[in-house]
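Data block below; observations after.
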Amino acid sequence: MNPLLPFIMAGDPSLESLPRLLAEAKALGIEALEIGLPHSDPIADGPVLQAAAHRAIQRGATPLRVLETLAGLTESPDLILFTYLNPLLQIGADRLMELLRPTPVKALLVVDLPDSEEVEFEARLRSAGYPMIPLLSPTTDLERAKGLLERRPDPGPGHPFAQRFAYVVARLGVTGTGSATDLKPVGERVAALQTLSSRPLAVGFGLSDPAALGAVRAMGATPVIGSALVQALAAGEGFGSFLNPRLA
Amino acid sequence: MNPLLPFIMAGDPSLESLPRLLAEAKALGIEALEIGLPHSDPIADGPVLQAAAHRAIQRGATPLRVLETLAGLTESPDLILFTYLNPLLQIGADRLMELLRPTPVKALLVVDLPDSEEVEFEARLRSAGYPMIPLLSPTTDLERAKGLLERRPDPGPGHPFAQRFAYVVARLGVTGTGSATDLKPVGERVAALQTLSSRPLAVGFGLSDPAALGAVRAMGATPVIGSALVQALAAGEGFGSFLNPRLA
Amino acid sequence: MRATNMNEGDRPLASLPLRPPRAPHSVSGHSPATASAFLLPTRFGAGGLGGCYAPETLMQPLLDLEEAFRKAVEDPSFETELKSELRHFVGRPTPLTSAPRLAAKLGLKALFLKREDLTHTGAHKINNAMAQALLARRMGKTEIIAETGAGQHGVAAAAACARLGLSCTVYMGVVDMARQAPNVARMRLFGTQVVPVEAGQGTLKEAVNEALRAWAARCDKAHYILGSALGPHPFPTLVRTFQTVIGEEARAQVLEQTGALPDSVIACAGGGSNGLGLLVPFLGDALHRFAVEAGGHGSALGEHAARLDGGRMGVLHGCKTLLLQDQHGHTAETASISAGLDYPALGPELAALALDGQIEVLRASDDQALEAATWLCESEGILPALESSHALALLPELAKRGFATVLLGLSGRGDKDLATYQSKLGI
Amino acid sequence: MRATNMNEGDRPLASLPLRPPRAPHSVSGHSPATASAFLLPTRFGAGGLGGCYAPETLMQPLLDLEEAFRKAVEDPSFETELKSELRHFVGRPTPLTSAPRLAAKLGLKALFLKREDLTHTGAHKINNAMAQALLARRMGKTEIIAETGAGQHGVAAAAACARLGLSCTVYMGVVDMARQAPNVARMRLFGTQVVPVEAGQGTLKEAVNEALRAWAARCDKAHYILGSALGPHPFPTLVRTFQTVIGEEARAQVLEQTGALPDSVIACAGGGSNGLGLLVPFLGDALHRFAVEAGGHGSALGEHAARLDGGRMGVLHGCKTLLLQDQHGHTAETASISAGLDYPALGPELAALALDGQIEVLRASDDQALEAATWLCESEGILPALESSHALALLPELAKRGFATVLLGLSGRGDKDLATYQSKLGI
């Protein structure tokens, strides 16, 4: 089981440091990593990721420059491009596939794209090897979850974690460290989902301290660490020094 | 024919100087004089008399103190008490008659009392020797003027000018010097009124320079000089020095 | 969902209860008919309040006005004109809003608000201003003069004049201009000249003084649109006649909504135009009628505008009525947080009805009015004018006295008072 | 004068044209019915605009909302409730005012103003806010979240919440809070918490971002009352459905007053709620329909909010529509003197109608809007909201093009904009 799924914001602290960060992650044994594409209107993000996106945009981290920076990188975990839909739509499916091909991106997590809305766009990306990661939230009942998991299916054990997992949102609201999340409900949710499929699950939103990460691992799921990591990196802390104590 | 009907505001410049002013007026040969009772809301007065009333009130020139100051004065022209109704109503007809008896007041000019409104009050004052002076304005047509003159009748040649005259307002608006009043319309008005009765007429509102006063005299009427005189007195000019050149 | 027809055009026509004052308080021994050239009663009640205490210059204009008024109300084309403006421009009929949450909070069974705050320009003043502007146009007048306190009458007159193409000058005390600044801006946007009146305490009384003076100077061309049920005859009758549309509507509405009359009806009273407008149509009914004056910040002369207890009979601005005055017959200073109630004289018809026991007059203090405004805001989502808040402030008293169903005249909206509410309530 | 009966109670009941989007622009190939759990059409026009681009957390709340909406509009008791509030609280029907002096000035034969400025709280926003608040109450929600730009939707939501006893939080950009300060005070008086949004340019877009985030955190207890015809399905349909009462009334009124339809109908468009509300009921008619966007102070990106020419298809705030954006798909800055039009996306249904040739979209600059406001003030005595002034500003263009009878949606009153009018017009 993948012990940790870190999230970083592309371009924060800087685009230049991104290749080094990714290499460091790989060296730490990180299998997959979510990389956020900074957006002007991150409606699902809390203050930490809003601010990180804002800084990154100010420093010129446009979608194209981010993808260019990723092109050709080999020393990197598998990447999940965490993004809002509009920048992808503006690039267009064809060009996007071209841009993704030379990068370590293995899947997309498009926060504001339900599987019903851009069926053709999504299908083309999927057949080009870029599946969309399903998101399940506390408001998603099991019935609905089943449909979501079916319509964004697990490509199967032959595929890397980055393309297989479903993202389970631990609490209502937006990304962010916030106050300590009560993990009991998400624990029950994870258990229920595990009866539905054997697909790997990641749990995110509000996780930061090692105890919480451990609790998620105890559920048999991969904890996501996002805002806390971004905040630490922005504060100048080293990637390894922050992640090491949280790696199981 | 009475050549001039001056108006002064009781209490302005001061109540103390009032007896001296009246004596001076008498010495100048002034037969009758309008004396204004300072009121809080002088709706028929322009800025000069408003300000004079305000100053007088500030200095304590209440109706009672004014009447007390006038009591017993013998060196004075006949006085016409120029006033608004409310202070008289508050004093009441009985008390008012008592207060007036020792003064040189011979008649009342109550700016806001049409003859229809306080018939009993007015009748009692009239029978006590205090008739109300009728006012005729540019908006009073001849028909109405006739009625007004009848309902506030001339007591007859045996009576002093102060009790006999009717006041012809020379122009629309309120008291005040203002711009030079065109005297042609009021001349026609005076001529027409002179065909109705032989009662003395005074013409006022907006008169100040000797030429205008002379023009009124040429109509066979008595010019009233009010705001200009009050302004001169307030500016420290002597009563005689201001009136002398205007006394025909 | 059934598609029934929501169509303003189908609303029944407005009734304009344009009729002379009611018999019980219309005749007075003080004013022998022989002496007055007026044809309508000029006096109210047993005490003969009202009258026409005007300088001679204004007498013929007042006689002309009465004649024009009498003719207009007999003329179906005036009715048509006025109804059309009231409906299509002013927004009449205004709703009668049931306020269940506020009623419950205050221990009442039911509370109904007559929503003059929803009229164009935001207060009942427009009913009268538009009617008089139409009258002025019929009289061939091209200029309008008006006074204003809260600015609502000034804004209403300014709007009516812009609408009819009449030029308009409004006199307003400098203190009122400061505390009702939004209304000054609104008048100016409507092309009206607002003349600051510095005299005295710089409030409504001085504005009326100055408007009367201006009218005397321009009465050949100008009509004076007086904004409350005060001044010399025929103004009190005119204004009241044009405002009873409030009560006529409200009475029909409450009957229609509940099948019964309320046990009490209440309105605030400055000069008395909205008070009479609401209450007069209920005079024949077996219910309690209340008017609320400004209690200001104290009970000494000068600290309030409560004329019933604080005033004596006197004459100001052309009429005889209850007047706050000193022992010399000089008008007293007044104080109220609400510019529209900050006036030393109670309108003569309202004063007469009070003295004759037809309407009970109470007072609410500045602080009570402020608090009452928050009740209505928080319980019903309606921001009342400070004037109207004085009526709201008496609701607990009515509940205490056992009244259960109350109809309240919400004379205007509180947008003009936002600065006061903000500073006094710390919003 | 005949005493006919002026009685609000006799007014015909409001029709609530609560029906799904019209066939011509309701079906889209982009959204296979199989994938969506929604039952109402989620897309508009040939281009398939709209949709539901929402984070998963909000999907179930949106599904629940659609279901509640569908049930409510089928439920006569909801119709009764809503009609009652619209009539007795909001003040519907609003008048249709003929503006003959302004028409003459601008060379039109006739001009009719649909007077949403006369609604309670002063703009059309209350139609939707009250309807959604009632819906929220039916859904058992106790908290309301809303965004606001001009503050009119915020005030409307605050009023509706106070009236129904719901707690309310409104998100508002700090720039908008400054330029629409009176509305901030009004919301607070109604007991609403106003949360300043500092992000970005501090206007409506950021307020929506923050409201969506707040809703995601509280969607178990809170309903989000979106204030314009935008956002994820079902909001555009919901808001538009609750606003077509404007055009339904106006259409019946103009027919009743003139016996004919006008040759053109025009409204301003921020998100598009008043535009759709007025124009949709005229879609089947042979006349010209116009919507007016904010031309701001220039034609470069960032200097205006004119999405039709300036925008490209994109997704913001849950829907696909014409969007002002840079080449990276980042939302562009916008500029307009009117907070209510200062938004980078045209509502999807309005954009679809524009692209499909049903509605012509024009723009008016800040300066044109300011000047147009003075026309209405001076010619008719009505102070328009800055938003509505944008529609007024295009009247000379319509006259030039040969249109003679125009019906204009006066979406709100200008009291909130007094400070801007004063400083820009030097009043």
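The letters A, B, C and D name the chains in turn, as written, and every chain counts its residues from 1.
The rule is short, and it goes like this: contacts are C-beta pairs under 8 Å (C-beta built on N, C-alpha and C of every residue); 3 or more make two chains touch, one makes a residue touch a chain.
Remember, it's a predicted structure, so these values are computed and weren't measured experimentally.
**Student:** How many links in the shortest chain of touching chains run from chain A to chain C?
**Tutor:** Steps on the shortest route: 2.
**Student:** Would you kindly say which chain has the C-alpha centre located farthest from the C-alpha centre of chain B?
**Tutor:** Chain A.
**Student:** Please tell me the distance, in whole Å, between the geometric centres of chain A and chain B computed from their C-alpha atoms.
**Tutor:** 96
**Student:** Need the CA-centroid distance for the pair chain B / chain C, whole Å please.
**Tutor:** 37
**Student:** What is the distance in Å between the mean C-alpha positions of chain B and chain D?
**Tutor:** Taking the mean C-alpha position of each chain, the two centres sit 66 Å apart.
**Student:** Using the definition of touching given at the top, classify the network of chains in this structure as line, ring, star, complete or other.
**Tutor:** line
**Student:** Go ahead and list every pair of chains that touch.
**Tutor:** A-D, B-C, C-D
**Student:** If we count contacts the way the header does, which residues on chain D are in touch with chain C in the complex?
**Tutor:** Chain D residues touching chain C: 1-18, 73-74, 76, 79, 87-89, 91-98, 101, 115, 117-120, 122, 158-163, 165, 182, 185-186, 188-191, 245, 248-249, 252-253, 255-257, 373-374, 377-383, 414-415, 418, 421-422, 425, 427.
**Student:** Considering only the defined contacts, which chain B positions touch chain C in the complex?
**Tutor:** Result: residues 39-46, 50, 54, 57, 62-64, 84-91, 111-120, 135-141, 144, 147-148, 151, 169, 172-174 of chain B touch chain C.
**Student:** Considering only the defined contacts, which chain D positions touch chain A in the complex?
**Tutor:** Spelled out, the residues of chain D in touch with chain A are 30-32, 35-37, 51-61, 199-200, 205, 209, 212-213, 216-220, 312-318, 320, 323, 325, 327-331.
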